[in-house]
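Structures for review follow.
Each of the two complexes below includes subunit A, the first together with subunit B, the second together with subunit C.
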Partner chain A sequence: MSESTQLGSQLVDLCSVLLLLSCFAIVAQRRLSACVDLFALQSFFLATTAALVAFLTGHRHIYVAAVLTVVIKVIVLPRILRKVIERLNVSRELVMNINIPAGLLICGGLVVVAFFITQPIIPLGYLLTRDSLALALAIILIGLFTMIARKKAVTQMVGFLVMENGVFLGTTAAAYGMPLIVELGVFFDVLVAGLIAGIYTHRLQDAFDSVDTSELTVLKE
Partner chain B sequence: MWPVIVLLVGPVLAGLSSLVIQRARLLHAVNFTTMVALAVAETLLTRQVLADGSVTTLGTLVYVDALSDFILIIITAIGLSCSLYMWSYMDEQVARGVIAPKHLGIFFFLFHMFLFAMVAATMANSLGVQWVAVEGTTLATTFLIAFFRRKESLEAGWKYLILCSVGIALALFGVVLTYYSSVRVLGDASSALNVTELIGVADRLDPNVLKLAFLFILVGYGTKVGLVPMHTWLPDAYTEAPAPVAAMLAGVLETVAVYTVLRSKALVDQALPPQFTGNLLLTFGFVSFVVASLFILLQHNYKRLFAYSSIEHMGLAMLGFGVGGLVGTFGGLFHLLNHALAKALAFFVAGNIHRRYDSLEIDQVRGLARSQPITAVATLVAGFALIGLPPFSPFVSELLVVSALSAQNFASDTMHVGRFVAVTVSDEMRSLGLVGVFLFFGVVLFGGMMARIGAMVWGTPQDGITRGEACTVGHVPVLAMIVALVGLSVMIPESLRTLVTRAVHVIVVR
Partner chain C sequence: MTTLLTVLLACYLLGGVLPLCTSRPSLQNSLAHSSAAAGGAAGIALGLGGLFAAQPLTLSIPSNIPYLTCALRLDPLAAFFVLTISLVGLAASIYAYGYVREFTGRVSVGLLGSLLNGFLLSMTLVVLADNGFFFLIVWEVMSLLSYVLVVTEHERPGVREAGLFYLIMTHAGTAFIILTFLLFAQETGSFSFEAFRHPDQRLPEGLRSIAFFTALIGFGAKAGIVPLHVWLPYAHPAAPSHISALMSGVMIKTAIYGLIRVYFDFFEGQFPWWWGFTVLSVGALSALLGVMYALMEHDLKSLLAFSSVENVGIILLGIGAGMIFHTYGLDELAALGLLAGLYHTINHAAFKALLFLGAGSLLFATHTRNIEQYGGLLRRMPWTGLCFLIGAVSIAALPPTSGFVSEWLIFQSLFLSVQLPTLFLKLMLPIVAAILALTGALGLACFAKAFGLSFLAQPRSPQARHAVEVPVAMRIGMGLLATSCALLGLAPMLVVPLLDRVTAPLTGVTISDKVLALDGWVVAPVTVEFSSISMPVLAALLVGAGGLGLAIARLLRKGMPARYSRTWGCGLPLTPRMEYTATGFVQPIKQVFETIYQPTVKLEREFLEQSKYFIRHQRFHSTIEPLIEQYLYQPVVTALLGAAERLRVIQAGSLHLYLTYIFLTLVLLLLWAG
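Our next item is the complex of A and B:
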């Protein structure tokens, strides 16, 4: 392995690890606005990773994805989520389905699980981004966990977006990005999903006087 | 090429024009005309597929083979009948003040976007584009489910959005993994997700990656199919959605979701022994069937009853695909069509009952036979068809699935549901045990459904319920469905049989 690829590979790894760390920070954060900020930070790391991979491999179309990540996930979606939070009367999430220390412990376990699952398929990967695939799966699982552990509609949305970030890291790591048309479609879907969730939180707030999804118990078996 | 363009552009144009049109009558006219155009285009496309085997067009963006064409037939047929049904349903809801007249345009806009997303998902050549379209169906339908804006419908819509988005995010990871394995073989990055390319090289893809990919795809799209245990959004969504939307969700969206799973199955089966996907589908199918038939016993709301019956029927179709082989797969595919017809009929009926009785509780509905004679007959037909009685077509497809199941030889070194049933006995006993359990729960289902449907149809209507039923446009699709259900049980048209047989050969690759 040449020295420059080694350096590049280490840089990509560093960025992916920062992504994972920001996941843990989201899990440990009670304040809703801080969760959104951390998501924006995570998306920024994601864009950096993508840009790094694009630079090191010369795949130009990954730049497009990086720019779109900055626009949609660092600027637009966090702004929508912040607006939603402003309208709400709560800024902290006091009660959770799983408390923070236990949650962090579970997330640690999820990382191990992710590495275990991806072990047989890692050797197929490109040298540059080999370890990122396991990290991507870990981020997806932690995002899923966040959606289960939290009760507020906003944090559930953040959990979904974190999952999406994980998948995106996976694409960049595993295959240097998907075909452009697919990537554009995915971004469009994520954006629309964010908008729709924003509208929902308004309506839920009006109807239930709360965005606590544990209040959503009208429909029971 | 033209039929494909009509199928894709038609719903988009109709949807956009619905946003600007104000008059209700014009909205319905646009909606109906579009659906007729789609049906005609689909007929032409089917003819082309039957003649040429498959159609690849618009660059390589669109790929329609016998399998996707069969799904398109279901989409357009149910869509057309829905558009007729909505004519009377939506007008009455507006007249009663349930829906504000200005919201009617938005309803049709979302409805057509939903339709567009489903058509795109079925015709997409690239598995990635297919994913985008399937997520599009979630986004388009969530507000359709919450359209009545009551507390319950908002809750159902939110639950649907969140659960299906999570599922679909997992499916995307599955698609990424497929790409991961294919791009190494194909090299060309832009077409490495295209079904047309993948078919040729699927046996050279890395089996370990494909195993993981199929798991993610099955769990992900399985959420949309409503397989147990990812089904929890489904009964709520079907109950809260307006009747024509529920008919589309149950009849068509589930079918499209099954189709996406089948596409992956066809690929994975080339690289791995078919037992791998088969056993997964068998397990999910069996669990869904059993759990749903038990839950049917607990229902006191007729829309929820039909919703659980959807889970049960999807489980049944999955059993067919899981057993595989020509008979099982044919049964599974044919069952998708029959279920779509029967379930659309069931939800049309549910919409009629709801408008008359103003209640979704089975206890509150008495004497349908006297208050709404046509609906009562249709309710009985839907009920009989859904529990698989002759002379209705689900009987035929269920019989095919069960016979495939009983003839199944389990390879003894693999994991399968048979183990839960009989651990040490021989293969024949094992499959007999499986069929036995299956039939037992079939009987449970029969009792549960019949008791409830009988309770609604017979008896005397409560005071204050108007008696007599005037024929409206909305009755046309109801009658058409009944005719189709009976007709398909007697004979399958030759062209349809050819199409389904070819679709079977798309799925069963060896």
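Our next item is the complex of A and C:
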């Protein structure tokens, strides 16, 4: 491995680690608007990683994906979420299913699990991004964990988007991204999911005077 | 032949599509039912052609899906069933042209007609299929279409439940058929029937027995053998009558086709004696219980549905006897049993469809299915009455009708068990024959009730009093089947050679020369000396005896004046309240078979306050216990619901809980895989 590619590989790893770090920040954050900001930041790191990979490998289509990430996940979606938060008039998440210290500990455990699982696979890879696979899996798991730990619909939405970021990082790490058409489809899906979740949160507020998804249990007969 | 097949497919497909292209109900009606009738006519020609063809017609269209080839094969067995399906299909389509007016405004006539075409097409393809995968697909299409047709009038109470019950039972059956085919496919590595029947790739002994049972259960659920028959009395009455006629007349026969195909074709008739004995026992049980419950039923269509259970049992008696004889190498007797079973198959298709169409006409005219509310309809609906009478006499197996010929042949094959080498079977087969005799007697009582209480005496309800004869199209449809019934009974010399062409490849011997003695005028299994019967002569004798009686009466009456007067009613005017009711008619039988029916009778009386010698009003309840449903199905349903109730605990309705399930599953699976 030449020195420049080694350097590139390390840069990719660095960016991935920043992504993971922002995950922890989201888990530790009570304020909803800060969560959304952190998500935007994470998406920015993701776009940087993607651009870096595109630069290092010369796969042009990853640039497109990076640009789309910036447009949709850094600009559009956070804006929608902020609007929702403004309208809802809730700024903090006071009650959680799992409190923050315990949540952080579990997230730490999840990272270990992710590394443990990917350990046998990573040496088989030959791409310069292969180490990011473990980080990507950790981000997916933490995203899912966020959805479980939090009660407010907005943070659950953020958790879902974090998972999506993890999946994106994973595909970039494992195979330099999916074919562009799939990528475009996924972006469109995420955007629509964001819109639907926004509307659904409004409805939830109207119906229950709260965006606490635990209230949904009353729907059971 | 290929042309006929193309015409048939084209007719049904056009009939499936065209009615949906217009919005005028009358045009939809003519388009759908004329193409269905044309398809039926083509099918009759195709069936006859297939029976006489020297070589089976095969057609194969490969597909991109693995294992699936749209292979068709028209061998004599398939041709016989195509003929049966098409005959009933033709009559039902003509009948439906008049009958669907009943539904105009409530149900889309175009959709109903289009589904009818699809249903007929799928049934035809089931018997033509020559690939296991393709068979399963068309089988499933047939089941689903019939389900949709059953719930046509889903807004009426009970119809949706009936449909759901049918759907569950038929899917459970399909699961067993899939299992059967998978067993074959696993051994042969292919889903083509050609590979299934290949002698080099025979299943190992244990698997053969499993395949025997899975096929019996799978096809039995569709055929309605006891104890898998419970859906019939719910689903058949719920469907529109021409659909009931098709379901009861021919759809359940596709299961008989499946059984013969698997046992005689795939297994090549290589099976131990107890297979045949199992089929025989199941047949005897179905025949007896079917007719017993039919007798107690006052809903005309439910009665007919239970009677289908009985007749499927009788068909299985013939096939079971054939299987036993085949095991012991008595090929001629095997062919006789099988031939008798197939004869009863086409007979039952004709008369049961006829009776269902007749029941539909009564429903059309009176808007009720309850026999207690009929009465006196023969005078008001003479054509329907005549057709229903022909059907009822045939199904009650009175000579010289078609039911009599086939049941007589089954009796003969059971009596011939004296030629079997084992004592056990020598003893058992006559016992089965005795059960069949009891079944026949009860069947006669059942249809004496169905016809007599519906058509004779005075009307017992205003609807029956104001009933009028049904439209011409419906009469033609019934007339067609009534003619077929008469022909099947009076001309065995035409039918037996056709059936012999079906059984000959399966058993390896041809018996039509032996069965038909004296140029076909006499039907004689084995030898004329043992037993023989001639249907035309019998019919001539019966008609002759009746004519003779009339002539004698006329001769003796000479010189005496004829006197016409009202029926004597002990000095009182005759009213419908004096009539025999359906409940009263079957009361003695209910008493005799108390153990099976377990009847409960409840009498509530309310007396006048002044004196308890005067009753203000009284109510009479009489119910019988559906034993099989209660002791076999109810525990299963209760257990299922109980398990579901316990599983509800994990369905707390909390979003977070569901997410946690997903999360834990994901992590555990990842750890397990890693």
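We take it that the second predicted complex is superposed on the first by the 217 of 221 C-alpha atoms of A that agree within 3 Å, B and C clash if a C-alpha of one lies under 4 Å from a C-alpha of the other, contacts with A are read in each partner's own complex, and residues count from 1 in each chain.
Rule of thumb we're sticking to: a residue touches a chain if its C-beta (ideal position, glycine included) is under 8 Å from a C-beta of that chain, and two chains touch if they have at least 3 such contacts.
The structure displayed is predicted, hence computed values, not measured ones.
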item	value
Touching partner for A:147 - first (subunit B), second (subunit C), both, neither	both
Subunit B versus subunit C as contact partner of A:97, first or second or both or neither	second
Touched partner set for A:113, first subunit B, second subunit C, both or neither	second
First, second, both or neither for A:24, with subunit B first and subunit C second	neither
Dominant toucher of subunit A (residue count), subunit B or subunit C	B
Subunit B versus subunit C as contact partner of A:213, first or second or both or neither	both
Which superposed partner A:192 touches (first subunit B, second subunit C, both, neither)	first
Partner chain(s) touched by A:163 [first = subunit B, second = subunit C, both, neither]	first
Touching partner for A:63 - first (subunit B), second (subunit C), both, neither	neither
Doubly contacted residues of subunit A, that is, touched by subunit B and again by subunit C	117-118, 120, 137, 144, 147, 156, 213, 216, 218-219
Subunit A-touching residues of subunit C, taken from the complex the two chains share	651-656, 659-660, 662-663, 666-667, 670-671, 673-674
Contact set on subunit A toward subunit C in their complex	97, 110, 113, 116-120, 137, 141, 144-145, 147-148, 151, 156, 213-214, 216-220
Touching residues on subunit A, where the partner in the complex is subunit B	117-118, 120-121, 124-125, 133, 136-137, 140, 143-144, 147, 153, 156, 160, 163-164, 166-167, 170-171, 174-182, 185-186, 188-189, 192-193, 196-197, 200, 203-204, 207-208, 213, 216, 218-219, 221
Contacting residues of subunit B [partner subunit A, same complex]	126, 128-129, 131-133, 135-136, 139, 142-143, 146, 149-152, 154-159, 161-162, 165-166, 169-170, 172-173, 176-177, 179-181, 183-184, 189-193, 206, 208-209, 212, 236, 239-240, 295, 298
